[in-house]
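For clarity, chains are labelled A, B, C and D in written order, and residue numbers in each chain start from 1.
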Amino acid sequence: MRFFSDNAASVHPAVLDAIAAANRVDVAYDGDSFSQALDATFSDLFETKVTALWVTTGTAANSIALNTLCPPHGGVICHAGAHIQTDEGGAPEFYTHGAKLLLAQGDGAKLTPEAIRAVRAAIPTDVHRVQPRAVSITNATELGRVYIPAEVAAIGEVAREIGLGFHMDGSRFANALATLSCTPAEVTWRAGIDVLSLGFVKNGGMSAEALVFFRRDLADQARVARKRGGHLMSKGRYAAAQILALLKNDLWLENARAANHAASRLAEAAGSRLVQPVEANELFLRLSAEEAASLRAQGFHFYDWGAGEAQLVTSWDQEEAGISALAAALQALKP
Amino acid sequence: MRFFSDNAASVHPAVLDAIAAANRVDVAYDGDSFSQALDATFSDLFETKVTALWVTTGTAANSIALNTLCPPHGGVICHAGAHIQTDEGGAPEFYTHGAKLLLAQGDGAKLTPEAIRAVRAAIPTDVHRVQPRAVSITNATELGRVYIPAEVAAIGEVAREIGLGFHMDGSRFANALATLSCTPAEVTWRAGIDVLSLGFVKNGGMSAEALVFFRRDLADQARVARKRGGHLMSKGRYAAAQILALLKNDLWLENARAANHAASRLAEAAGSRLVQPVEANELFLRLSAEEAASLRAQGFHFYDWGAGEAQLVTSWDQEEAGISALAAALQALKP
Amino acid sequence: MRFFSDNAASVHPAVLDAIAAANRVDVAYDGDSFSQALDATFSDLFETKVTALWVTTGTAANSIALNTLCPPHGGVICHAGAHIQTDEGGAPEFYTHGAKLLLAQGDGAKLTPEAIRAVRAAIPTDVHRVQPRAVSITNATELGRVYIPAEVAAIGEVAREIGLGFHMDGSRFANALATLSCTPAEVTWRAGIDVLSLGFVKNGGMSAEALVFFRRDLADQARVARKRGGHLMSKGRYAAAQILALLKNDLWLENARAANHAASRLAEAAGSRLVQPVEANELFLRLSAEEAASLRAQGFHFYDWGAGEAQLVTSWDQEEAGISALAAALQALKP
Amino acid sequence: MRFFSDNAASVHPAVLDAIAAANRVDVAYDGDSFSQALDATFSDLFETKVTALWVTTGTAANSIALNTLCPPHGGVICHAGAHIQTDEGGAPEFYTHGAKLLLAQGDGAKLTPEAIRAVRAAIPTDVHRVQPRAVSITNATELGRVYIPAEVAAIGEVAREIGLGFHMDGSRFANALATLSCTPAEVTWRAGIDVLSLGFVKNGGMSAEALVFFRRDLADQARVARKRGGHLMSKGRYAAAQILALLKNDLWLENARAANHAASRLAEAAGSRLVQPVEANELFLRLSAEEAASLRAQGFHFYDWGAGEAQLVTSWDQEEAGISALAAALQALKP
C-alpha cells in the first residue's frame, strides 16, 4: 500500500481509452485536431481567451514558463522549498540560460507579499546585481498547502507593482481547486497569474501537462522553447487526448477530490502529529524512526521528511482498504 | 492517402496493449521494472553491454547524446542537411550550451571520411577556433540513404584518429537495418559508434525513443541532461513499455520492412524520376508543379522538396490500396 | 619587420599619455567623467544621438552586440569567412546562449542582399528551424575589402524588410573610413546599422574598443551583458581615455591612413600577385612556399593564407624602411 | 576624501611605467614575453609549479575559475554574501552555463567546514537535485575578514572528502596576506586550493588580475573560456606587464600593507562602533544617519551598509591627511 507519490499512481482508464480513440493518422506535432482543441477548451475552463500547450513533464512546463518570463540575466523569486529550486535538477536555470532563483521564506512553503518585497528591497537596482524579473508560486504548495484567491491576488499586486512576471506551478492545481470554493479563473488570471503549469500526470494522466498562457503574447516564445527543449512530440495528439479526457465531465476534479478525501481521512487519524494543516493530498507528520519502521512493517510505503517526520501523498486511485488500514495504524500508534 | 511523414502514422496496436498492460502503480521515473529492463534488452540486441535510456523525442535523443560528446566550446561535424542542423530548432546548440555545428557536404546526405578530414583540416588547432569534438551521422539519412557497416567503420576510424566522439542519429535506424544484411552491432559499436539515438516513434511507437550508450561511461551525464531538460517523466514505465513492445519478436523490424517495402513499390513506379536511390522508406523524385497538383487532386498527400521535386515517406501502416493507387498514378504521369 | 597583424602593433604615445593623465581617483566602473563623455563624443562623430560603451576586445564587442540583436533561439546571417564565425572561439554562441550563425558566401568576404535573401528563403518559417534574427557584416572585411555606403544601405534595406537586426563589425572601421570619401554616419546608421563594434586596438589603442548603439534602446541590454560577461572594469576610465585620445583631432583616422598607405605601397609592388583588391590595410597575394621562405629569410614576418597564398597586414606604426624593403623584395621576386 | 572603494583608487606609477616600457610590437594575445613570464613568476611566488593567466576583471577571473571547476548541472557552495552571489550580475551562472550557487551562512562572510557539510547533507544524491561540485571562499572576505591557513585547510579537507573543487576569490588576497604571517603557498595550495583569483586592480593595478591554477590540468579549459568570454586581449602584454610590475620587489604587498594600515588607524578611532574585527582594508561600523550625514558634510565619502551601518574601504594610495582627518572625525562623534 503506497502513499509515497501521486507521481507513481496508475493512469485513469478514461485516459487510456482516449489514447486508443486517437489512434489514427493525423497531422504531426500539434497540428492535429486534439492539440488544436486545447485553446478553446482551456478558454472555456478559465472563462477568458488563453493559449494552451501540452508538454510531457511538470519540470518542462515550469522551465518553459520561466523561459518566457525571465531573461538569462534576471532572477525568479520563489520559496526556498519550491519544486523549481529543490527538485528539477537545474532545469529552470537551463531553460532560462542561467537566471538566478532568488529564495524567500514562508510558512507552508507559501510566499507572501512581504517576503517578496523583502527580496526585492535587498537587491540594489544596478547592473552588478541580478534583478528580479518573475515570481513563481506553487498551488498546492510543496507542503500541501493551498493559496486562496485573495492570497494569490495580493502577490499579483506586488508583482505588477514591482514589474515581475507571475507564474503558478500547478502540478497539483486540481487538488488545490478541489479544496477551494472558487473558479479556476479566480485563483489564476483574475489574481494576476500570467502563466500556469497545469499538472495532469499526478492526477490520472500518463505523460501530459498543460501550459496555460493568460498572457497570450508569451505563447510563441513557449512554442519555440518547447521545440528547442526537444519537447515537441511528433505524435502530440496522444498528449492532447489525455488532457481532454481528464477535463471532460470534470474528471480531473473528481480525481483530485478522491485524492484529497483520502488525505483528509488520514489527517483525521494523524491528529496532533500533523506538522502542516492538510489542505490538499499531502500529509506531513511527526513520526519517530520506530513508528515509521512499524508502519512500513505493516506494508505502508511513504517517504521520510527529515528527522522524525514523514511525508504521505495520496492519489486519485488510492484504495479504500489501504486508507482505512493506514488510518487505523496511525491511530494505533501511541500518541 | 498520406505519404508525408512516418511521424504522423498511427501507433501499433501492440504498443497500446503494452501501455495498458503496464497500467498499475510502480516506482516513479525510471525505477520501474520496464525501464530497468532496457539495459539488458538492448545489451542482448547489440551483443554487448550497453546502457539504454528512454526519451520522448528524437530531437531530445540527439541533443542529449551530443551533450555527452561535445563541450560548450566544441564543434560537431555533421552533414549540412542533417536533421540536427536543419530541423531541431537549435536544440543541439541548447543542450550543448552553444557548441557549433560544423557542416560538411556529401551525396545522399552522407558524410565521408574525406569530408570529415576536410572540415578538421580547415580549422587551425588554437584557442581562436571552435575545435571539432564529435561527429554525427544519420542512418538512414535525411535523403533515405543507408550507410553500410564498412562506411560507418571508415568514419569511426577517422573519429578515433582525430579525437571525435561518434554519434548516430537512428531515427530511422530500423529502416536502415531492415535494408542491411547485418546485425545491429555491426553497423554501430563495432563500427565505432559511441551513442545511438534509436527511433521508435516513426516506426509504430507513440512517444518513446531510446538512447543507447555503447560508451557506458557517458550514460550518467545523459541521465543528468535528461532530467535538466525536463525529460525525466515520472511515469516512465509507459515509455519503456512501448520500446519493449516494439522490440519483442522483432516487431520493430517487421514494421520497418513494411514501410521499406511500400517505398520500394513506389520507387519502381517512379522509375527515372528518382533523384536518390531508394534504400529505406523515403523517396525523392522529380515532379513538376502540375504533376504534384494532379497527384494531390487524386488524394495523395506529400511534401514538396524544393522546386520541381517531392519527398514521399512511407510508414509501417501504409495501406496496400494507397500504395497501389499511388504507384499507378505515378506510372500514369507522362515521363 | 612584421606584417602579420595590426593587433600586435605598439600603442600610440598619445594613448599612453591619456592613460597617465587619467591617473587619479575617480568614480568606479563607468561613472567617471571619461566614460561619461563617450555618448556625447560619439554622437558628435556620428551626427546623431548614440549610446557608446567601452569594452576591452573586439570579440567582446561583437558578441555583446549580437546578444542585443539575437535571442538564444535565433540565427545571425554572416559571411562564412566572418571573424565571428572563424576567429572568436564560439564567443557569439556563448553570448547569445546558443544562437546559430547562418553562413552566406560572397566575394571578398562581403555579403550581398541576394546572399542574405537566399539564406532567408532556404529556411521555412516554422518552429522546427532556427529563424534569422540579425545580420552581421565586417567593414573593412576579413579580406581587406571595403563596403561603400550604398552597399551597406542595400543590405540595411533587406534587413529591415525581413526583420533582421543589423550589426557592423568595425574592428577596422577606421581603415574602411580612411578609404571611403564619406562621413561615419553615411556608412553606418544612415545605411541601416543598429550597432557598430568600433575597433581601436588594431589602430593604436591598447585595450579599448567601442560599442556604438544607433538603436539606443539596445544599450541597457548591452550594459547587462557587459557586466555578466565580466567586462565591466572597475577602472573603466583608463579604457575611455584611450578612446577619447584616439578620436581627438582625428588621430584614429591619421593612424588608419598610415596603415592603409603602407598597404597601398605594398600592393603596387605586389602587382598581379594580389588575389584581392587592396582597399584597406590587408593584402592577400599569391606566394609560393619558396617565395614565402625567401621573404622570411630576409626578415619579413607574415601569415600563410592557405596553400600558395599569404596574408600581410600593415599597421599604424609601420616603419618606412620596412615598407620600402618589403616592396623591393616583392618586386624582386620572379613574376 | 574617499573611503568608498579600493576599486576606484589610482594606478601605481610603477604600473604605468611598466606599461610604457612594454610599448613595442610583440607577439599578439599571450605569446609575448611578459605573458610568457607569468608561469615562472607565480611558480616562484607560490613555491610550486603553477599555470597563471591574466584576465581583466575579478568577475571574469572568478567566473572562468568556476567554469573549470563546475559543470553546467552542478552547484557551487559559497557564502550568501559572497561577491560571486551578490555583485557579479550573474556572471558565474553565465560562465558555468547555469550552475547553481548553493548558499551557506557564517560569521564575517566566512564559510566553515560545518556550514559546507550542512549544505551537502541537505541535498539528496540523486538526479533530481543539483549536486555540489565546487566550493568558493573569499580571502579577505566581503566583510574584511581573513581566513588563516588552518581555516582554509579545514575547508580543503572537506572539499576533498566530498568531492568539491576549491576556489579562492582573492580580489583582496594581498590584503589578506599582508595580515597573515604565512607564505602565499600556505594559505592556498597547501591548504587545498585548486584555483586562485588573484586581484591586482584593487591594489594599484589598472586592468589586470591573475588566475593561478595550482591544478594545472584545469588551465587549458580556462584558456578556452577566456577566449570564448571575449577576454583574450590581442595586446595582452600590457596586462602581464602590470602584474609583473606589482609583484616586483613585493610592491603588491607594500601596497596592501599601506591600505591595511590605513584601515587599522581608522579602526582604532572607530572603537566600539565596529561590527566586524578589522583584519584587512575594510571597516564596517555602526553609524546613524545623522552621523553619516555629518561625516559626509566634512567631505568624507563612503558607502551605507544597510540601516545604521557604513562600509569604509581604504586603498593603497590613501593619503595620510585624509586618514587622520577621518580618524579625528570618528572620534569626535558622540559614542
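The rule we apply is simple: contacts are C-beta pairs under 8 Å (C-beta built on N, C-alpha and C of every residue); 3 or more make two chains touch, one makes a residue touch a chain.
Just so we're clear, the structure is a prediction, and the values are computed from it rather than from any experiment.
**Q** Among the other chains, which touch chain B and chain C together?
**A** A, D
**Q** Determine, using the mean of C-alpha atoms as each chain's centre, which chain is farthest from chain D.
**A** Greatest centre separation from chain D goes to chain B.
**Q** Averaged over CA atoms, how far is the centre of chain A from the centre of chain B? Could you give it in whole Å?
**A** The computed centroid separation for chain A versus chain B comes out at 34 Å.
**Q** Return the distance between the CA-based centres of chain A and chain D, expressed in whole Å.
**A** 42
**Q** From the C-alpha centre of chain B to that of chain D, how far is it in Å?
**A** Taking the average C-alpha coordinate of chain B and of chain D, the gap between them is 50 Å.
**Q** Quick check on chain A: which residues sit in contact with 2+ other chains?
**A** Counting only residues that touch two or more other chains, chain A contributes 72-73, 88-90, 94, 97-98, 127-128, 224, 227-228, 232.
**Q** Can you name the residues of chain B that touch chain A in the complex?
**A** 2, 5, 7-11, 13, 16, 19-20, 23-28, 55-61, 63-64, 88-91, 94-95, 201-202, 206-207, 224, 227-235, 238-239, 317
**Q** Going by the contact rule set out above, which residues of chain B touch chain D in the complex?
**A** 72-73, 97-98, 127-128, 223-228, 232
**Q** Show me the residue ranges of chain A that touch chain D in the complex, using the header's touch definition.
**A** Going by the criterion above, the answer is residues 72-73, 86-90, 93-94, 96-101, 103, 127-130.
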